[in-house]
Structures are given as structure tokens and as C-alpha cells.
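Below are two complexes that have chain A in common, paired first with chain B and then with chain C.
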Partner chain A sequence: MKFEALCQSGLGSSFMVQMNIQNLLKQENVKEDIQVDHSDIGSATPDQADYFFLDPTLETSAGNLPKDRLIILNSLVDPNELKEKVNAILDKEGIEHS
Partner chain B sequence: MALDLLNKQTVQVVDGSNLSWQDAIRKASQPLIDNGTVGNDYVDSMIDVVEEKGPYINIGPNIALAHARPSSSCKKIGLALMKTNHVVNLTDDKHPVTLWFVLAATDSNSHLGVIQKLSEVLMNGENVQRLLRATTVEEILKVFK
Partner chain C sequence: MNGILNLFVSIVQSPAMLVGLLAVLGLILQKKKATEVIQGGIKTFVGFLVLTGGAGILSNALTPFAKMFKFALHVQGVVPSNEAVVAIALVKYGSVTALIMLVGMIVNILLARFTKFKYIFLTGQAMLYVSCLAAVILVSAGMGSGWQTILLGGLFEGTLLTVTPALCQPFMRKITGGDTVAMGHTGNIGYAIAGWCGKLFGNSKHSTEDIEFPKALGFLRDSTVSITLLMGIVYIVLAIVAGPHFVETKLSAGTNYIIYAFIQAGTFAAGFAVVLQGVRLILAEIVPAFQGIAMKLVPNSKPALDVPIIFPYAPNAVLLGFFVSFLVGTISMFIMVGMHTTVIIPGVVGHFFCGAAAAIYGNAFGGRRGAVIGSAVNGLLISWLPLYILPVLGDLKMAASTFADTDYLIPGILLGKLGSFGSVALTCGIIGFTVVVILVSVLMKSPKQAENK
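What follows is the complex of A and B.
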């Protein structure tokens, strides 16, 4: 399983999201090996990850990525929103978490 | 620690009622120009990228993190913060901002420690509320201590 955080430049906010996801997976005691990485939206390809995290302003630039694997984060610094959306994926994929 | 980059010199509180979002980014960046961290080119590119790509630097409610790709006019890692007491709309009224962070990066990796620390502070809702309520530089710096 691989998650990719995307932002316009691949420098700032995508790394912030990557770290926040990694921290959350730890908090949720996820044992499964989930890779989390970040990059810029321009270079992202559908085979790069299983799920892509991005903010609403990027949705239109994400045309080449499958819609059902895009997770839109309205705030990049809201722990509750992130938890809700990551846990929804874990549940959907049958990955154990606390 | 990495957030020492935020200090009396790099943090400002201003009224903001007469600023455009471009003015706000310029004003928030001024301390980094003054201390030789970035040149005007870098500030221009932070503004250009929003004009071209939209307000993606609006990372959370009332929070913007202005940044652009590392360039030769970016001499070292830097972080600045300007609080505007009035909301300034970033491109439109769906993106009201009062906390204007400016990040200067020299390559793809060296600033990651700064982002990490900043993210830890901003992921705590109480800290964000304290920043949004702050009216002085001292109050802001206390949140990052």
C-alpha cells in the first residue's frame, strides 16, 4: 500500500501532509507496511501510489489520476479531518487499526 | 530548534485592512529580504505561482504558507510570519487569510525540519487559536516556544 501527498511544488505542504499521515498511522497502531511519500502534482502518475492526498485547489490539475483514489483535504492542518479520511481508507482496504 | 527562524525580526503584526494578497506576501517577506535570506525574485515567484496556479498555499483556515521552488535568489532556509489583524483574501473571498507564513527553501530537503516543526505546531488546534487571537509579536512567539 502506498499513499502519496501532492502539492503544487512538491516542497512544502505535501511534505507536511506526508508527515501528518505517518504520525497518524503510528497513532492508529497500523502494522501493515504503508509507504508515504510526497511529490508535485505535475509529475504524479496513476501507478505511483494507491491513494493520493491533495487540497481542493489541485483537484482540477489531477485529471490524469483516478478520481476514486483521490482524497481531498480541505485543511492540511486539521488532525480530525485527516484521521477521518485515512481511517476510511484503512477500513475500505481491510487494514487493521485502533 | 528549527523554529528559531521565527523571532522578533521575522514576525510582524500589522493592521492589514488596506493590503492586497500580493502586498501581504511582499510585506511578510520583507524581513527575509532585509536579513539577506531571499532576493526580490523569490518574492515575485511566490506571487506568480499563486497567480498561475491558484490559492493552494492556503493550507488551513486563515493560514497561508507562501513558498516557491528554490532559486538562486534564495540564499538560505528562512521562515517569516505576518499576522494581519484584518482578513486579506487570497485571490478570492473563499480564502480569507490572517496568518501569512513565508518559507524560503534552498533545495528539496534542507527545509524539511522547519516544515516538520511548523506542522507540529499547526496540527494543534489550540496553538492555531492562540495565533489567530494574538495581537502582538510576543504573543505569537510564545506559541512557538
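What follows is the complex of A and C.
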């Protein structure tokens, strides 16, 4: 399983989202190996990850990525929203977490 | 003995080795497993070499640009792009930059720990780029590349990045509706000015978010696409003005001049993408290490984060700001052509991020009028100030690219001007800057939000 956080340059905000996801997975005691990475929206391709995290203003630039694997974060800094959306994926994929 | 000394000096002088070792140090401090330490060290080491490769591609695309510009308009043409100028500068100033960044992180932690400025600056690429700016200016001012430059550069970088988030915080509270995060970007001075302009001249009754705004411009957020398109237009116009004869005999070895120009524009975008990848690899281990250590050492610190975190709060202002800022940049460019000065081409990435953020800040207290005024004022700053930073950048003065955002331009110009009075002035200036920041913190009332908690 691989997650990828995206932003315009793929340097700052996506990296922060990546670190937040990694911390969250640790908190949730996820044992399965989930890779988390970050990239710029321009070079992201559908085969790079199973789920892509991005803010709503970038949705129009993500035309080449499958819609059902895009996770739109309405706030990049809200831990509750991130937790809710990541847990939803874990449940859907049948990955154990606390 | 000499062999060992030479080995040590060689490591310090090869920035790729040096950043790799810094990453290893960070990973060991976090008590990571041996495999993770090796993996992280190697990726950081290779990351620097990727970045250097990207710098080569960018230079290859910028050389014909500079030649066509010179031939067509008889003046120097410059595209401000932080990524491009830093990548090119790191080839020469890499080691000093890496060490300045390390000192800067320590200064940031110390100031955040012991003053009322609780901001931990977590935007890794901005730390790297400001360190590079400090290295270039101090070395060009004749400070050498020894410990004085590293300590002073680090003090400058660390202090600057601790206080610039404070300038933006009153507006951040309004924009995000909370006080948990701060702005950690390199346009902070411009954003604060935009915010104040919005407050003074705007009207908060009409927010940008009430207008129906065409979303069609949204695809320009893909930097590869927008850089290629914009640079394509610039290169092709230059090729037409320089004429097919000049391009095909002097530059393209017979290839059609329009096609050649468009391929060079694409090459610039390609170099940009490679540099981004290099920066990403360099920072992949260093930023989490810094975050982990800083958060542990500084209780109730506030993370200063990269600029797009505010974009979802005002998506209309993002597009409006980009449009206004870019327009101001384009008009400024034509005025410069008329004035026969060096010509600053509006860089699409700089105008996007800084224009968008300036509009959001202007909108915060000044609505749509505030957004337009804020992004226009910021647009003027980033269009004209590059003219004044070029002379203080030493051998980078003639490069076809330069720094793009206000927090490089304004402090960089001031630092460079100090440098022209010699190294004593520089030393006093930088130490004075830090002392002033500490004094302000001592005299400042405790921020309100701390009491509310």
C-alpha cells in the first residue's frame, strides 16, 4: 500500500502532509507496511501510489489521476479531518488499526 | 596525517558528502535503525547530485536565453526563479550553504526556546534557499567561506526565519480562524505588507470568495505545464525579435528557430522538475529530524508551514492574486524594456505563490479590493526589487536567473548594502539584527493567545 501527498511544487506542504500521515499511522498502531511519499502535482502518475492526498484547489490539475483514489483535504492542517479520511481508507482496505 | 586532513577537507568541500553526513547525523540522533540510517544518508547524498544535474540542464536552457536577449534588446534579461538560481549557486556554494543551514536550525531552536517568538520554521526548501542567499552575499562581500561566514550566515538565516512568521501571524489568525499554525514561506514580508494595505484601503464587506470566478486557470497550478507555456512564449518572442538568422547560425546549428526556442523552454521546465526532485531528496531526512528535535526542545512551539496551507481558505483569491500579480509583473517588464535597464521577466512560479498568498492576506481584512491592492503591491515589489539584488550577488550577477520572493530580496539587498561597507559592518549588522529581535521579545507583552489557552 502506498500513499502520496501532492502539492504544487511537491516541496513544503505535501511533505508536511506526508509527515502528518506517518505520525498518524504510528498512533493508530498500523502494522502493515504503508509507504508514504510526496511529490509535485505535475509529475504524479496513477501508478505511483494507491491513494493521493491533495487540497481542493489542486483538483483541476489532477485530471490524469483516477478520481476514486483522490483524497481531498479541505484543510491541510486539521488533524481530525486527516484522521477521519485516513481511517476510512484503512477500513475500506481492511487494514487493522486501533 | 596529511592524508587524513585531506580526506576531511575533501568531505567538507564536497557538498553532496556533507549533506549526506548531516542526514546521517539527524537519523542517528533520532535513534533510527542502521538500515534506515544508511538508506537516508545515501538518498540525501544522491539528492544533491540530482540537484547539481538539474542545475546543468537549467544552465543549458538559460544560456541561449541570455544570448538571444542580449542580441535582441542589448540589455541583460533575468527570470527570477528561486529553484533555478539556488541550484546554480549550490554548485559553487553548496558546502557553506549546508553548514549555514545547520547553524540556522540551531539559532531557530534557541530563539524559539528562549524568546517569545515561538515559531519553528519547517519549510525545508526555504531554509535551504535562504542559507544559499546568505552564503552567496557573505562570500561575495569578501567574508571568505570559513567559520565566520558560516556562523554569521546561520545567525542571519535563523533569526530571519524566526521573526518573519511573527509579521504574518495577526493575519494568519484571521485567515485560518485559529492560532495553531504560522506562515513559513519566503514572501512573508510582502504578505504582511499586502495584509496591511488591505486593512487600510480595502473593504472587508465584499470577500473574494463571494464572486463566481472562472476555474479554468486552475490547470496552471501544474508547474511543468505553466512554466513550459510561459517560457515558451518568452523564448519564441525573443527568437522572433533576434531573428532566424542569428538563432539558426549562432545557437541552434540549423534547427528552425521557433522549434529551437520552444524546446529550450521545455528544457527549462525539465531542469526545474529535476531540481525539485533533488531538493526533495536532500530534505527528505533532514526536515523530519529537525521537526522531531525542535518540537521536543521547544514546548508550545508553533510550526511555520509552507504557503499553500492557506490556499484552501480562499481559492478565489488564489487565482485572482496570481492574475493581478502577473499582470503587474508584465507591465513592469515593458517599462524596464522602455527604460533600457536590466529586464526582469515575470517568473510564473514566484508570481503564482506570492501573488496568491498576497491576495489572501489582502482579502483577510480588506475583501476583494484589499486582495487586488495587496497582490498588486506585492507584485510591484517582486518585479522591481530583483534589479537591486543583482549587484550584491557577486558572480551570480550575470546569471540569467535570480531570487524571486520578498524575504530574499529585501533582507538580501540590506545585507548586500551592509557588505559594501566591509566585513565589520556586516558582522555588526547581523549580530545587531539578532539583538534587536531578542530586545523586542523582552519588551513585548506575552501574546494574547497564550493567556486564553
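Just so it is clear, the second predicted complex is superposed on the first by the 98 of 98 C-alpha atoms of A that agree within 3 Å, B and C clash if a C-alpha of one lies under 4 Å from a C-alpha of the other, contacts with A are read in each partner's own complex, and residues count from 1 in each chain.
Simple rule for what comes next: a contact is a pair of C-beta atoms (placed from the backbone, for glycine too) under 8 Å apart; a residue touches a chain by one contact, two chains touch by 3 or more.
Every value quoted in this text rests on a predicted model; they were computed, and no experiment measured them.
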Simultaneous placement of chain C and chain B on chain A, clash or fit: clash
Partner chain in contact with A:N20 - chain B first, chain C second, else both or neither: first
Partner, of chain C and chain B, that touches more residues belonging to chain A: C
Touching partner for A:P46 - first (chain B), second (chain C), both, neither: neither
Which of chain B and chain C A:C7 touches, first, second, both or neither: both
First (chain B), second (chain C), both or neither touched by A:S75: both
Touching partner for A:P66 - first (chain B), second (chain C), both, neither: neither
Footprint overlap on chain A, comparing chain B with chain C: 7-13, 15-16, 19, 55, 57-58, 61, 75-77
Complex contact set, residues of chain A against chain B: 7-13, 15-16, 19-20, 55, 57-58, 61, 75-79
Residues of chain B touching chain A in the complex: 49, 53-61, 63, 65, 67-70, 103, 105, 108, 111-112, 115-116, 118-119, 122-123, 125, 128
Complex contacts: residues of chain A adjacent to chain C: 7-13, 15-16, 19, 38-43, 55-61, 63, 73-77
In the complex with chain A, residue positions of chain C that touch it: 122-126, 176, 180-181, 184-185, 215, 218-219, 221-225, 273, 276, 279-280, 283, 287-288, 291, 305-309, 311-312, 315, 318, 349, 352-353
